[in-house]
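In this document, chain identifiers A, B, C, D and E correspond to the written order of the chains, with residue numbering beginning at 1 in each.
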């Protein structure tokens, strides 16, 4: 017995590991797979045991067990139910026991309303035809970047207007910023491969770009965050676009913190910082304390890349997001990326993740509307992210006004993530959010990229199906087309903000 | 919230005498009447170009009023804003049906009386002024609706079968070098006279068969440029888009099909570099002006007409030629009915506009 | 030598002209009449390039730069050496705030004072070790978040009323070292930074940099070295290690 | 010919290849019976682990198999599929094959009464795809032409 | 074309298989003085004590229909007496002539009986290199209660063990200080000594038999130390020598064996030699010498066969290697097993012994006792003169395996991308 529970720091286990000893063949596959030391084999007793207190419910053991001997179950809380305290008891105890604030990962898990689920899509009936996407052309190609209000031509009919740089997407879905550091090498590899195959982009996140991944040039967006890790000219040059990260949905107003133990040799090389040292991203960019400073940074990047790349500014969805967005556009951003509060993270203080920010649906609606009112919507493309779970979320986002969406958690789920929310521990049993070279092997880039490609292709097909149902064969005709959305179960005010009619009207 | 749009099926027809010959409205009425099956008696209309040669310098406002009060309110407003050269009730025949009243005003913008008013209509450009005035009346004055506002042209439309509308407005008595007509099959807002086609703004007039599935996207795009879509129908976005793109952005009319019915990416990818650049830029910049969904339209403009299909040809359009006259309609029969021996008949390709214009000489004569 | 008149030229054009000149193999550039143009030297990776600036250059001078030498014959503004990777910037005067933010390589010499947040989040990696030498005094938050590199603060003009460094010195520092000529009060220093004695190795480093500083600005080396130096280092490379606990 | 390709970068050290091999070469070919109620065969593949390296290896079915040359009774032979296999009725457990196998992947089964038995991958003659390949959860083993 | 093969054992069989891979039409004729199918020589001790019978298919090297399938004509029980290389024929004992186009000599070795008095006794003095000898010994077993085995080599030790297990009181006399002298070092040999002692074999080391006394049968043997040992049987297992009887008068070049080139061809065109009789290249000593071990005989036979069938395959050389078990102890050894000059790594624990001899970062020999399973990897290293400087530290780990190799190398190697 290598470990013994101690009541001093006890909180009830979240999961029960139920093991059918009659089926168990002692192959010990589960023991090898548990990266949280919750499973062990006792040679003397020839038995596999569990420490449930250490189980995080990642389900890796159950997935790998060849004889289905393992069932992971959520354990009932032992406490007497109390509505207002329920969900706070253990957190409070942990703070008291360890003297630190809990860090969590993945997206906000509180039951705030999901507006996507209150919006319904339209379909054509009789008066205009629905289109069969399997046999008729159906276009999802999307260009992101600043567009002029109109184009001018030379006498010979060729273009006089010089368009500013754009990025071209075959489908309006990109992989959102997830850094090498938060994610394992193989996951980045998978995202890059999939983006390349499908014709979209993945985002390096703030951790720099490993030399090996320069091969994804043409399908990568590079991020410049406050920590400026691994940011230098060659890095900027690889990106098809450069994203300035001001905020992130899961932790608006909070910097990043990659603990020293995750700063492995390759991470250290990629981020260009010493191994084992904390990688601290300050909360703000310390050269951006005001909107004109943002303009300064945007143009610094444009100057550094000689105006060859669109600049994305990523902001978290917060209360006055519309006004902020307007300022960002006027500061010279070519693309604005808005991240809703359900967006994922590798690590965020729980209090921040669960309480700061607003839903992407509302933020997107107000930003799009505000930019249109100001007549500057054409000057910028909008990327919505943070809680896009399915293809119809994408359709709804575009109908609300997005040009494209970012998916993060959805991509990770596709390659194995079970949302056990342990990214911050670096022990991801699925090999996704870990730098342990042994664990990260669990993601096979061939399999994972295949799954991502499947996901994107299927979503694309689903989007086409829905567009076909609406009688639209080009994605630009869906953009901002809020008439194709109707609300169910929303208040007047919600509908006003979303700019949509109630179902039936 | 004015978000809903009209849904309707339709028939369309139109022709232009490119030599500038003026012909009466009898032919166009016959032509559109032939396609009775395409309408349901709940809307029809005509646009005629070259009908007011005596007032060709002036904007001809066709205004429809629900009642006398709305007329008074409107005229008070017009008096403030415009020099009215001439005005009066439009000639109509008596019909046994409740109908709005129609007036025509030949006007030109005038110096504004107050500074505040000058600022209200920021632009001093006459066309822009008329557009804003039209938008203002349609949106702000109850019971008044500007049917058309171009020069030397007019729109006649209402609830009824084409023959009823033709009869009401005595269109047999007008002489025009170009006519378009519409027969409507609405499923929404059927009782509203303003909802009939053609839709018109300045010299633009649009008759439309089909439905613009991208209406929501087009509408919000236009709203960004201060157009107000008030008429509860998708067709008006076409008129406004034309106004924005051709008049304001100075985009060549010949290429409007490349925006409205933009080529598919698969086709663009096959093009030569220059064309590829051109079309890619258009789709990038004017993506929100792409007309999606099934449509065929006939658009009248100063000195010409064009017909256009959606890019995968979900609605019908036939074009024909006889001498110097070019015809377009939803069905060939509608043309054959008024001209027996056509020189040429063809089906326009999807997304490729058919444009017919007055000869230069004729243009000089008419305008 | 290639002279460019920057009077009333917008930065976008000025910088394009600079790049164009470099493409035409003009490596010794003199900019006259500079007044507030941003981004001079930004993103240039050619280490043969030398840019002399007459006038006050604007913000983000030498941002993302990787090689060139920039000489500013006057004061400079904010954001100098932002995320700089290599090269040298010499300022014959004072500079504004946020000097050398996230700088990763190369060196900066400032003759006089620097504003707030100098050397913030400066970092080192392997052979890349950024160095900033400041002749005058620094504002508050100097060395904030510093993760690597060397900051040498000489305070040649310090006085009773003008302390060599402002408050919150080395806040969040988790790497690198700050050498300060003379003594500093513990009050201004972050509680998780420490004052250490200067080692021989450090001393060589200081001497080399001070010598270069004195050569550039024609200052008496012995006068500078007449006072002892102290060294500010972080307590740990993981100062926030215990702040967070795994949740939920 | 096709052999089991070893993609060590994908090996997650789960031992399921061994489990599958044991099952496939058991009497019942039923996993639970094989492990709990029958004499458990020896796995023909071997998982090695040396953090962070892990991989499974098994017979490479060499073109000029030294084990076949070294066999003193002709028990080690190439079958009609081209696989190098052991005839258990001929093997006398002299381990000459072990001595000569350049991959070191032949194992000793010493449970027979008189003769030991060389045990090695036979590429699962009853299956289209070897059991280990099918069982691998991460394509660390694939069945490929070499 | 007619191919004649002298000898019918491992090298011959492999040669036949190799020839038939390339050439299905040429005539092949095998001549052997034994009248049996090719069989497994190492099993002769087992045959003697009866834990394998002549009807067990294990005993035979190939199945019964092998010769028919390979379309090979057999001339069995006939001894070759001379080769006429100029006229391309061979003469048999009975003066029969057999013509050939190509000739392969694989006649193996003959037992070496050291000079000692009484070795010519008809009954009770045995050797054990072929079936005939084994049969003779087997038949004689009821007469033997006590037996002296002369020679502690592979056959000697094995037969001593088997006879002891059979119930005979065995004395093993070995000239050197340990059994299996060239194969094992002292430490490893000790394991064998212990195993033999368990079976009550009496070991006499550093001594030799100078005389076998007796009338018809031996009654005692006299050692050079002067000691005498009562016995009623003697097995002489001192070793074998290449069988060069019929090449003596020919122009085929011989040394200790028939000298062959890298293609297993002798100095005479169209005459090849392979197996124990041949003197081929040894990679460890970088010179030619006979290495009478089975895997090399097979390899040489195969290569000779391929070259006879007009391929052009080079023999890359071999080196001594042995796998054996005495009692419960299994050992595998290769190359040089004992040396004063070489770098030596060794470890002994838990009844496991590992020893490696390294010359200039090249492995030149090794012994594994107990855990022998990964021995082939070392074989491959020796054969390929693999640079072991970076990996040798892991040789002593009992879990030695590919996991200790450099990754890039391992990946290529395991997927057969490099030899």
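A few points about this structure:
Quick note on the criterion: contacts are C-beta pairs under 8 Å (C-beta built on N, C-alpha and C of every residue); 3 or more make two chains touch, one makes a residue touch a chain.
Computed from a predicted model, the values in this text were never measured in an experiment.
Shared contact partners of chain A and chain B are absent.
Of all chains present, the one whose mean CA position sits nearest the global mean of protein CA atoms is A.
Chain centres here are C-alpha means, and the one lying farthest from chain B is E. Separation between the centroids of chain A and chain D, computed from CA atoms only, is 44 Å. Between chain C and chain D the centroid-to-centroid distance comes to 64 Å (mean Cα coordinates, whole Å). If you average the Cα atoms of chain B and of chain E, the two centres end up 105 Å apart. For the pair chain B and chain C, the distance between mean C-alpha positions equals 66 Å.
All chain pairs that count as touching, in label order, are A-B, A-C, A-D, D-E.
Per the touch definition, chain D reaches chain E in the complex via residues 3, 5-6, 8, 46, 48-50, 53-55, 57, 60, 62, 66-67, 69-70, 72-75, 89-104, 106-108, 114-115, 146. Those residues of chain A that touch chain D in the complex are listed here as 23, 25-29, 32-33, 63-64, 66-67, 431, 436-438, 441-442, 444, 446-447.
Residue ranges of chain E in contact with chain D, taken from their complex: 10, 14, 40-43, 46, 51-52, 57-63, 294-295, 298-299, 302, 321-325, 330, 332, 334, 372-377, 379-380, 383, 399, 401-404, 407, 410-411, 414-416. For chain A in complex with chain B, the residues that touch the partner chain are 124, 127-129, 131, 136-137, 139, 141, 143, 145, 147-153, 157-159, 161, 163, 166, 372-373, 375, 377-378, 399, 401, 470-474, 476-484, 496, 499-501, 505. By the touch rule above, chain B contacts chain A in their complex via residues 1, 3-5, 7-9, 187, 210-211, 213-221, 223-226, 245, 248-252, 262, 264-266, 274, 277-278, 280-288, 290-294, 311-312, 314.
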